[in-house]
Each structure stands twice: as C-alpha cells, then as structure tokens.
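Consider the two complexes below, in which chain A is the common component and chain B and chain C are the respective partners.
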Partner chain A sequence: MSRRPGKFSKYLESMVVYGILIAASLFAIFPIVWAILTSLKQEATIFLYPPQWLPSPLTLENYIHVLYNSNMPRYFLNSLWVVFMTILLTLTLSSHGGYAAARFSFTGKNTLLFIILLTVMIPGIVVLIPLYLLATRVGLLDTYWVLILVYTAWQIPAVLWLMRGFFETIPRELEEAALMDGCSRLGAFYRIIWPLTRPGLAAAAVIVFVNVWNEFILAATLTTSDDKRLIPVGLYYYIGAYGIEWGKLMAAVCIALLPIILLFIFLQRSFIKGLSSGSVKG
Partner chain B sequence: MASVRLVNVTKRYGEIVAVDQVNLTIENGEFITLLGPSGCGKTTTLRMIAGLVEPSEGEIYFDDELMNAVPVNRRNVGFVFQSHALFPHMTVQENLAFGLKARGFPRQEIKKRVQEVLHLVEMVGFEERKPHQLSGGQQQRISLARVLVGDPTVLLFDEPLSSLDFNLRNTLKFQIKELQRRTRKTAIYVTHDQSEAFAISDRIVVMDRGRIQQIGTQLDIYLRPQTPIVANFIGSHNCFRGILTEWEPESGLGVLDCEGLPIKVKMSEGHCPIATQGSTPPRVLAYLRPEEIEILHHPENEAYLNCFQGRIQQVIFEGSTLRVYVEVAGRILQAEVSGKKRLSFFGKEGLNVYIGFSDLTLVQEKE
Partner chain C sequence: MRQMVPEVKENPENSSIKTYPGALTFLRKHIFSSKGLRDRFSAGLKKNSLPLAFLSPAVIFVLLITFLPILHAINISFYETSYLQKTEFVGFRHYWNYLQEPAGRQNILNSLIYVFGSLILAVPFGVLLATLLHRNLRFRTLFRTLIILPWVVAQLISALLWSWLINPSYGPVNYFIQLWFGFPVDFLSQPLTAMPTLILVNVWRSFPYPMLLTLAALQTIPEELLEAAKVDGASTWTRFWRITLPLIQNTLLIAIIMLSLYYFNMVTLPLVLTGGGPLGATEVISLRVYREAFNFYHIGYGSAIAIYILLFNILFSLLYIKILRTEAVC
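Up next, the complex of A and B:
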C-alpha cells in the first residue's frame, strides 16, 4: 500500500518534466519547422487563412530561384570563407593565449586578462563608425580581410577565456613528462597538449561559427559591393521596397541554417565536452 | 649513472621556505628515499633535482657538472609521477617511443629499445593499448618503462605508488627496487610511507619543514633517531619525558624521572649523545617502541630493565598483530603482540598484567 503513492508521484514528476522539455523543444523548433514548410509553399498559399500547415502543392520553385537565379550561392561561399578564416585565426591566437594564461605567471597577468574580457562588454554598434573610418583609411573597406580581422578581434576574448579554462583541466604533469622526455616547451605544447584540447577547440569553433555566420551589422557596414556580401546581408535584400518574398526568403534561410545544423550534429559531443570541461576550472 | 650532490639548496616561495639549506650527496647507483610528512619539502627537492623548479639558492651537481642552468629537457633524468602522466591520446608504444623520437633516434633503434624495456617491465603485448585500457599497476609499469627507455642518468620517483591499493604497492615497490638494482641507476624516491621507504632504500633522508632531520640506513632511522621529529615520525612509539637524575658513564645505565615514574635506561653505542656534564640534569625524551614491550602474567625483573604492573584497557586485533593498550601508573602505553601469544590476550580487557621492557631510544630535549 505504502509503495504505490511513491511510485505514482515519481511517474507524475517524470510526466511534468518531460512535458516541460517537450513544450520548450517545440517552442524552439517551431520557427525552423515553419520556415521549412513555408519555403516549400507557393507564394500565393503562404498567407492563406486558415493557415495551411502542410504545403499543398509542394514546390521547390523557391529553392530553384535562390540557388540559380540569385546571388545567394556567392553570399554562401563568402560567408564560408570569412567564417573559416575567422575560426582559424581565432583558434590559433586564442589557444596560444589561453595556454599562456593557464600556465605562466607574469606581472599584470590578471589585469591583462580582465581587460581582454572587458572588451566583450563593448557593444559592436559603439565601434561601428570608428571601424568604418579605419577600414577606409587603411584601404580594407569592402574586402574579406576587414571582416576576418574584425570578427577575429571580436571573438578572441571569449574563446581565450574558454581555452584557458580548458587548459587548466589538463594536468601539468603531462607537459612535465614531455619535457623530461627531451621535448622542448613548444614541442610539448604542440605534440601533447594541443591534441588533448580537441573538445575545447571544437566547442570554440562552433561558438565562433554561429556568432560570425549570423552577424549582420558589421557585415552590412564594412562591405559595400554585392560580390563581398555575406549571407545575413543577402537575406536582408529579400525585404524589398514593395514587400517581402517570404517563400524565397525562407528558402534562403533554410540554406543558411544548413551549415550550423550540420556542425552541431557532427560536433555536438565535442561541443558539450568542451564547454563542460572548460567550466570546471574556468 | 651519476652521483647527485645538493649544496645548500634552498627554495623560497615569498615568505615561505619550502626547502631550507639542504646538503645531500647521493652516490652513484644508490637508492635513496626522501621521507617525511606532507609539506616537508621532499617533492620540492625532487623537482629541483629534475629541473622543474629553480632553486632560490644553492647548487645541484650531477657528478661534477653544475646543473642549475641546465634546462629540464637536457638533464637526462627519468621522472616517475604519482599520476603516471602517460599521454592519454597515445598508445603504449607511442608513449614509450615519444622521448626517443623527440631526441631524434632512428626508427629501428626506437623499436628495439621499446621492446627491450617492455620485456623488462613484463608488459610485452600491450603495445597497442591506450593508457585508459590499462589497470593502475600496468600504468605504473608503463610509466617506469617510459622513464627507462631513454636510459637516464638519474631516476626520480615522486610517490609513484600512493594511488595504488595495498597489495599492488607491496608488489610494485620490490619491482621498482629490482629494476633499479639491475639497471644500477642512481635513484631518488619520495614517499611518506615508511614501510615503502624501509623496504627498498639503501639510505633514508628524513625531512621536516624543509630541513633534513636525519640521514641513515633503515636501522639508524628506526632504532637510533637523532631528533624528536624523527622519533615521532618514524613508527609508532610511547614517549616518556623526564629528567635524567642518575647516570653511570661506565655502564651507560641511568634513571629517568618521568613525573614520578622511575625508568631505567641504558645508553648504547651509536645512540644520540646526551649532554650529562652540565650543572642541570638534562631533560630527555625516551621513546619506547610498542614491539619492545613484553606483556607478562608475572613480574620478571631479572629479564627486563623495567617491569611495571598495569591493567589492560583496550585490545585491537590487527590481523598479524594485536595492539594492546595498558594503563601503567596513570599512563596508557601501547604494546604490540605478535605470533600465537597474541591470541592469549585477545578480549582480555581489564586483566591485570605486568609489562617488561629494556630498550628505549633517548633524545635530548632542546632547551
């Protein structure tokens, strides 16, 4: 008799927890599902009332337009290139900086780290005009490099701190053992420590990818020509003077979402491991 | 092989003196243990020898070569860590080959040396395993192998067995000693485990608060402690604090007045000297090992220098020994009984007995 109430309350507790999780997941996933469904509808059927949940007829005309009759493929490649280079530079610089922050003691270390972290608090819009003027003066306006450099500078502080936390979880004895074996300090870093930071690097890569891939204001300000445009700015151009082409816009959004979704699917384990490892000490 | 010499080696961390004026010579091929409680400076001393920590003062020599300015990766020492420090992303083979590759050895030579050392530690067949696929004892043997494969001049061990269970520690400590004996390398071992130190060392260095308290063989350290710190740290004991009221230099016999309890003592050769020439009788600490106390049913004054009546307060069965706490003249003394005799005292709390003992270690108390 006394067992049943315990069992029932545990069952009820599970139901409530699962219910909340399912509701939250649906809430998060609904806009993406709606975007996919809209991208597969004809323009005329998008605003039907009552709403047509499933596309009928199902059409790929929006995707055909986006892929073959627009500059979205170019924007996609531009974004890929800028993101790839930003990730490369950010991870290289932040991992070396994070290692130094984790392993070495030097005068002013804590102050320097604090200043680096402080830059994260500065809203991008505050530095927009100075950046524009600077880019113009040095002749980098409307180039890939201005975006790569600005995004790298933007991402380094957070990634450096993440990597620092990650390095602190790696026992110092491993480097000491490598030194004992005749390795130099740099050799120990590249051959022993670096391979062990893969989860941290994966987590950092995902964070940088998502941030830079979705960034709009800097991309819109620092590039002026169509051939340097990035995806978020390209999407904006589907908002025309006479209205929004929802079907095409949603098709472009789905194409833009694809790399992020694939990234999470392939790197999710490393991402979670990297974030949780870094958080223990960092 | 190399001898290791420390001359006035000191290490300070701000106001804290972790190692204080250590002078020590370790002979070629010797196995020496730095023994002491946690925080006594033994690991810091070891790490200074390795080059992982820079001394604040003093010199470290390997043979006659000054090593202070030699970076750690040029000292050719082998260091066995407490945590094994095997590279988790590499196989056993790769772990062992790493150092040789870093030093530019040819592939064939690396392969040959790795196989030799795996034979030495009886780990052939484990080449392709990763460290997480090995047991604790296997990991420790591989970390030993990694150290030996580079043919170092000096072996350094930083509490390598502390994370292992009792039985494995017992087995591995002798394997370490055997490997050292066969390779004839100079070895410096750090531990806080006295039984480990006693089992495998040629000499023991007892440290406390950054300073060397005593250097000697196992017998020296255990039977003839030179300072109260060594006497208190090594083994268990009963301690009497008293004044040496009577003294016969010819026979070495004396009487220690321990707050009304007269204890007869005998100073023998090699014991810590007591200054008996002064105007005031010296204050002395007398240490009595539990295994030196004999528990008797009847007094045997001829057989022992001291024989007192007492009453058993508590009996603890520890397997091969029985720990018996006896109340004597208001004091609780700890005795250790082994062999079949221990069974006769098991469960005998409250029994009136006699205790007999002769051998005490005397250490003069510092003013």
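Up next, the complex of A and C:
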C-alpha cells in the first residue's frame, strides 16, 4: 500500500520549503541591508540603543563625506583602471591562446595546457613573498602595472580554458569558407571567428572584473602609497585612519559594492558560469 | 666555402680525415641528421607558427609570474633572512621549527578546524538550498539571486559587514542577545567564540558555491528517474538518499576539494575580521605566512610555511585530477 500525501501535508511541505528559502535569503542579504541602512543614518542615530531599524531622519551626509572629503573616489578610479587593463590584457592573451588550443594540434599542446591549468591551483599566498621581492628588485613596487601584470597572470588560466570551450563550439566550416574566399588564417580569425565569441568574452570579462575588484592581499602588499590604493585596500586603511566611523565606512562599503551588485543582477548568467569555474587563489 | 663542404665529404683521400678512420661516416651522419633535424624543426615551426605565436605569450606570462616565484620561494625558504636579504643557509631548519613551535601547531589545528568547520556547514546548507531551488517555485529567480549574492561580496567587505553586524555595543545581533540573555557578547574578542564566528562569516560568503555546483548537477538528473521512484512509493527522503545523492556525488566531491583549498589558502577574511586573535585563536596557517612575511619581515621563515601550503594544495589538486579522470572515463 502506498501512502499518497494528503492536501494538508502538501501544504505543510510547501510552507517548509518557502520558510527555509525566505530564511536563507534573509541570512544572505541582511548584512548588506544593514550596511545600507547604517550608511543612511546620521552619526548620532547610529549609536542608539536599542538600534534604530529604519533610518530617520534619512540623510546622505555619509555619502557626501565619502565622495568629497575622502580619497575614496581616487581608489574607485584606481580600481576601475586596474580592472580595465587586466580585462584587456587577459582577454587578448587568453582568447588567442584559447583559439590555438581549440583549433590546432601540435606536439606538447596538451602538456602546455595542463601546465596552465595547474597554475590555477597555485595559491596567492605562496607566491606573494617572491612577487614582493621581485617587484622591489625590478622597481615595479607601488605601481599599477605590477598589479595589472600579476592579476592578468592569475586570470589567464581559467579564462583561457573558458575561451577554448567557446571556440570549440564554433563550427570549423566557417573558417574553411573564409579561407576559400581568400581570407588568410589570421584574417579568418580576426574577422570571422573572434566576433562570434563575444558572449564568451563578456562572461570572461565579468569574471575578471569580480576577481580583481575584490582582491585585497596582493593590492595591499604591492602598493605602498596612498594614491595607488585599490578600493579594498582603501577601505581597510579607512578603519585605521579615523578610528571607526561606521556610518562613513558603511557608505564607502556600499559604494564599493555597487558595481559588483549591478553587474550581478544584470549579467547573472555570465556570473554563474564564471563562479563555478572559479580558482582557489584565496 | 659552400663548395668546400661537399668536397670534404666526397673526397675520402683528404688528409685530415684519412688520419681518423671513421670520421667521414661520423661527419656525414652527423651533418645529415642535424640538417634533417633543423629542417624538420623549421618546417614544424612554420607549420605551427600561428598556434605557437597565439599560445606562447599566455604561457610565458603565466610561467614567469607563477612558476618562477615558486622556485624563488623554495630557494628563500632555506635561508635565514634579515629584512629582504638572505643571510645564512639553514637547510630545512625553518620547516622543522614550524612543526616544533607551539604556535605552529596551533596554526595547523586552527586551519583544520576552520576548513572542516566551514565545510560541514557550507556543503549541506548549499545542497539543501539547491534541492529546494530545483523545485518548481514561485519567485525562484528572486530567491536564487538573493541567496547567491554573498558570493560576489569581497572577503574584506564581508569582514567589515559582519564586524558591524555583531558589534557588541551597537549591533542588531547583540541587541537580541542582550534581550534574551541579559548581556552582550563580544564574539571576536573571546577565544571561544572567535573561531565559530569566523567560520560563520566564511560560510555566509561561500555556501553559494556548493549550491551552484549542486544546482547544475541536479539539472542533469533525468526527471523520469525520480518520477518512477515516486510512483513506486519512495518518499522524498528516500529519493534524495538513494537516487539524487549518488548521482551528484562526484560534483559534491569536487565542490568539497575546491572549497577545502579555497578555505585553506584564505588570508583576507581572518586578517580583517580577527587579525588572528584573540591570543592566536584564529591564526590559520595562511594568515601566519602573511604576518611572518609582512608584519615581522621574516621572509625565509614565511616562505617555508608557504611551501607547506603549496604541498597541501598539490596533494589536493592531484585528488581533484584523479576524480576528473574517473569522471571522464564514466
């Protein structure tokens, strides 16, 4: 005899399911929501007991302070510049590499690809000390370029493999047709194939953006002067500089989160693709 | 000059060669084969020039910036250092010392607790949410978006968000604790609560990862399989343990390996949330490397500890590759 679930138990089950999902959603977003609420409060109402749940009076003074009286805009632009250059370099190098890996077979190809894949597994903390020493020796310490170069090297393996997958989905006949029509191999690549991988390039760009925007340890170690700091480093020193002014700190945190959350909401597919191919740099 | 060479080869009466019998054949063989080799090489280069030109910049870049530093780190780890200079070769002494000193053992224990504690919470939680999100639900996309959100928040920002949330004087969490228990708890300054708090924040940030992987794996399970079991009277619970779990176990294994590595290599979150304190209660191995190298400038000692981390990573990566291989065979 098989028991069929009655109407009541079905109702109960869906209650439990939705209950758990709502609780998990609250758990996931409450820290962020609390930061937003704090950032909109006046200095005095932040330190009330019991805590004031919704900000009243609502104020933007924390944001105004962060935007006009702190170095945060500078850090923001620094981060944008480093992220932009890293994306440019990473995508250029790894889309060419990915194409070669997808279309050609030559001796040692698999070994090369495997070695590249292995470097995904090398943790940042292991190479941090030698990178610091090398950067000091070649005079690149405290420059944007050292960050851009190292980030690019860290992002290439995953992105190259991702791009290789994309190139493999493009039928070879397209290139053959282009070659028949008198295109060179290079011409076929740049004019026909590359434009077709735009969705892949976009997904890769999103992954690189998030990884580089969020990275802290390397940026903290390889830059020393205040005006070279990236956003996470700026936030970290923000604590030390003024004691902790929570309202202003949370406003700065919200500003740092904004691009990532916007990207995430609008490009969720690319995100999910990238997140599951993530590396373990730590 | 060009005509001279064939002449030498063609003329066995040449005096210098005559004195060394067998030289001619040696020369012939040698010149012939190396010429052939060169030909083959340049032909190969020509044929492969495009893929080589395309692939080698990426490879060289990666090798220079990740493999070279590792050799450098191994080298430094055998030396005593003062500020950034190597002073005295000490062999394996740093490696030995780290295992001997009490703080070193404490680090190792902390790392184990941190990794296992986070895994035990994050993986089941992720799997549970994935199975729920896999159902036909209202607002499924909304739930999924909200639940994944912590994964895109930087470690540093997570640490800031949570240290404000659980602030002993003004945080909402402590408001409720005070309401129910009558006293606030300063989670981050008690050795007993600091590690669980660190783990909780880590789980908050990382559980979407096993959830996403599981969600992807669940989509590969044919619907009919579960339907058939349902018709046969298997309960939700039985269906999960007997059908779903065996089918996603490889994915789970991969998630566990990747998460272990990720947790093990983490520096930023413990550094910013607790700084390793109180009394070293949350100082994990990776954080110790950072502190030795950049707070105390013990570059040699720090590198030796970093090599331990590298070895652990290699071990786990080998496991990972093995699982990928078996999966490819299946």
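Following the convention adopted for this analysis, the second predicted complex is superposed on the first by the 226 of 282 C-alpha atoms of A that agree within 3 Å, B and C clash if a C-alpha of one lies under 4 Å from a C-alpha of the other, contacts with A are read in each partner's own complex, and residues count from 1 in each chain.
Keep this in mind: contacts are C-beta pairs under 8 Å (C-beta built on N, C-alpha and C of every residue); 3 or more make two chains touch, one makes a residue touch a chain.
Values in this document were obtained by computation on a predicted structure and should not be read as measured data.
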Touching partner for A:L262 - first (chain B), second (chain C), both, neither: neither
Per-residue contact with chain A, leading partner among chain C and chain B: C
Partner chain in contact with A:I64 - chain B first, chain C second, else both or neither: neither
Which of chain B and chain C A:L12 touches, first, second, both or neither: neither
First, second, both or neither for A:L174, with chain B first and chain C second: first
Which superposed partner A:L112 touches (first chain B, second chain C, both, neither): second
Which of chain B and chain C A:P195 touches, first, second, both or neither: first
Partner chain(s) touched by A:C183 [first = chain B, second = chain C, both, neither]: first
Doubly contacted residues of chain A, that is, touched by chain B and again by chain C: none
Residue numbers on chain A that touch chain C, as the complex places them: 2-3, 13, 17-18, 20-21, 24-25, 27-32, 34-35, 38, 46-51, 53, 93-94, 96-97, 99-101, 103-104, 106-107, 109, 112, 115-116, 118-119, 121-134, 136, 149-150, 152-154, 156-157, 160, 185-186, 210, 213-217, 221, 232, 235-236, 239, 246, 249-250, 253, 256-257, 260-261, 264-265, 268, 271-272, 275-276, 278, 280-282
Complex contact set, residues of chain A against chain B: 171, 173-174, 176-184, 187, 191-192, 195-196
Touching residues on chain C, where the partner in the complex is chain A: 44, 47-48, 50-52, 54-55, 57-59, 61-70, 72-73, 76, 84, 125, 128-129, 132-133, 135, 137, 143, 145-158, 160-162, 164-165, 167, 169-172, 175, 204, 208-209, 212-213, 216, 232-233, 236, 258, 261-262, 264-268, 271-272, 286, 289-290, 293-294, 299, 302-303, 306-307, 309-310, 313-314, 317, 320
Residue ranges of chain B touching chain A (in the complex, touch as defined): 50, 52, 72-74, 76-79, 81, 83, 85-89, 98-99, 102-103, 146-147, 150
